[in-house]
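Order of writing sets the chain letters: A, B and C. Residues in each chain are counted from 1.
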């Protein structure tokens, strides 16, 4: 019996390095299966999704992951704007959805929402993004991408650039990286630095430096993880425009990086990475999206199947 | 050949007690099948849904029921707000949808809409709620729940509380109960009493008393069926607030009921039943939702399969 | 290996008569298969759709076509109104969607959008309507319908009536008909005549006459293809009302047509064809919708399967 069978996925913090490696091994297995073998893994199983924040990309990644292993998906893609909300509590919605499905995928603005849901749900709950810090399946996808593309995670020097204050993706990735022996360089404008209340916990597991200057460690990086900077986050537009330009990853910047450095991005991208980078061998953000499909197939497969496949 | 094969479902009034019992027997059979056996029942069949009123819960119940017996669902979940409406007639929409699917599930504000649809559709039509009175699959779900939880329907004393005037669920349930030898107590504020034009027809089949006082027969009830009371239905807020409080089912009220009485609710619930009731052995509304999945699987299976399964 | 395997579908102009006939032959084959044989064709394959213009009917036709051959569909049904758009480029959205699916179905207001998408997508792209002129799968559906109902296309006299200026369906059909030896009569109000920039190209392949008077050639037509006239297209309402009435196909008009003439319409219809025509043997627009499901199943099957089925 695999240890993830019928288990929830709440937080990347819950996983040891060993467990992450088990997930990666399962993902590799799924990728090696023929399409018809894959289709048997969750044949006839139902994924129920509840998105209290719309996230088309995450939802479609789960739907595609589930379809490719033979399962179906159904649910509500934008509850808050749904005319059907009718004031029902999260608890009741989760309870009903758990009746209609074999595994529940929940996106919710509040911290702890998926743990709360799991107390109510008869079926395992997967956190598809919650609160300020948690997006465990994204972190697993990101770590797997680094592992596949760099053949290792330990020993790497990893830069993370953009809005580090508001992106839950960044926090989840940092907590995930905390299991590995990596050197992290956080690059952001002063006003979008990683939150100090999170710094303490992350510092215990991970060595990181902070800078506003993307050039500072650029030539040493093995991985540059780029995130969006949203205009709305800035107090005034001028500061936004100044910052925005300086963090755009283009061919020029790429030239100053290691030849085998890789560029990642959780997507959607607006213009943080210029389109001419897409064709370089360093651009791995679309591979990252594809690995996300496979890691989600693996997680769903492990949760819904007692035996390793 | 089963008698429901390729037949429409318009109204709970069309069914005899015997037919209802046949549906219940099929539902029991489905519940006993293994998941892989279930999946064969409607393998590759397509359910097409047309919701002229949004009802996420009913739609998902049908989708889940269809998925668990191997079929697919597609359709339009909110036609009225759809930018694609383009002024097409119900007749044409039904006709097209019947081309794209093997069975049609229709939710529509008008009485008689599903009968009208069936005249046009090549495929059987299931009424998923129409007009003021009809919601046959909900009534079947409710009756099946009572049967399963109380082991019988005949001889029971059943209270129905809340907005009895505007809820089609209540009318369908009453007509369904008309096939059984039950004692019904209708509990509602004066302004939300069951409509007098319906009373006559129901009276012919069913003994019921009316009261505004939920306490009146509380200690005799075997089943208490709770429905929402919507603020908008009241002429002034004060009356609403007065009424609302007095009909909330809580642990206190439960204590004054029979030990083995069951509480039902078509859901979604707002606050007509307090959350602490959920964990009591009397609360059966989530079981009711689950039975709804199975009764719908049974109906779909019988309609789409010539032979009993 | 079939010549459509892993190929895109951009424009009806790309197909020779021979290729169209191959598609028709495949469609016939699909129609003759048993339901369980059909279900094997695209078993476990995923269709990803991106609709930058909502078109429920086209989307459902593809979904139904894919479901009936065993595949799944997922995607975004109305990107422009989606709160999830977040400013992502068409290129990135296409790229991601091509990761999540085996074939991409794209509806987009711009000419050339599907060719652009195909440069980015790893998976074949099907144009489900783009720009002013292209709707190749609709044209294939229309040609197949004519072939099935009239047993031939060559030698027919075909009238096309309505808004010929703005309907991409009409242009695609005309280009498709350009492969056959047909006589075309275009009937429209002066202000909604086919665009002169398109006339030149079509004229090289097709003989057509233009008229504002639907009666002019009515008694000679084998096929009358009716399209909607939208009020918004007219400079003033009076002209609209005058025109609108004169082009309505009713029983009277039908009497003046050949006994075996057929009436087609891409649907949705508003009131260009009166409802009493529906029951005549001449009305073939619902058959046309059904053939659309089969032609799309055939196209998807050929694109996703190396070998003829």
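Definition applied: a contact is a pair of C-beta atoms (placed from the backbone, for glycine too) under 8 Å apart; a residue touches a chain by one contact, two chains touch by 3 or more.
In this text, all values refer to a predicted model and were calculated from it rather than measured experimentally.
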item: Neighbouring chains common to chain B and chain C, by label; value: A
item: Superposition of chain A upon chain B: rotation angle, C-alpha, nearest 5 degrees; value: 120
item: Interface sides of chain A and chain C: same vs different residues, half threshold; value: different
item: Separation of chain A from chain C, taking each centre as the mean of its C-alpha atoms, in whole Å; value: 40
item: Sites on chain C at which at least two other chains make contact; value: 72
item: Complex contact set, residues of chain A against chain B; value: 43-44, 46, 48, 72, 74-76, 82-84, 86-89, 91-93, 95-97, 99-101
item: Touching residues (chain side chain C, partner chain B) in the complex; value: 35-36, 38-39, 54-57, 60-61, 63-64, 67-68, 70, 72-73, 78, 81, 267-270, 275, 286, 289-290, 293
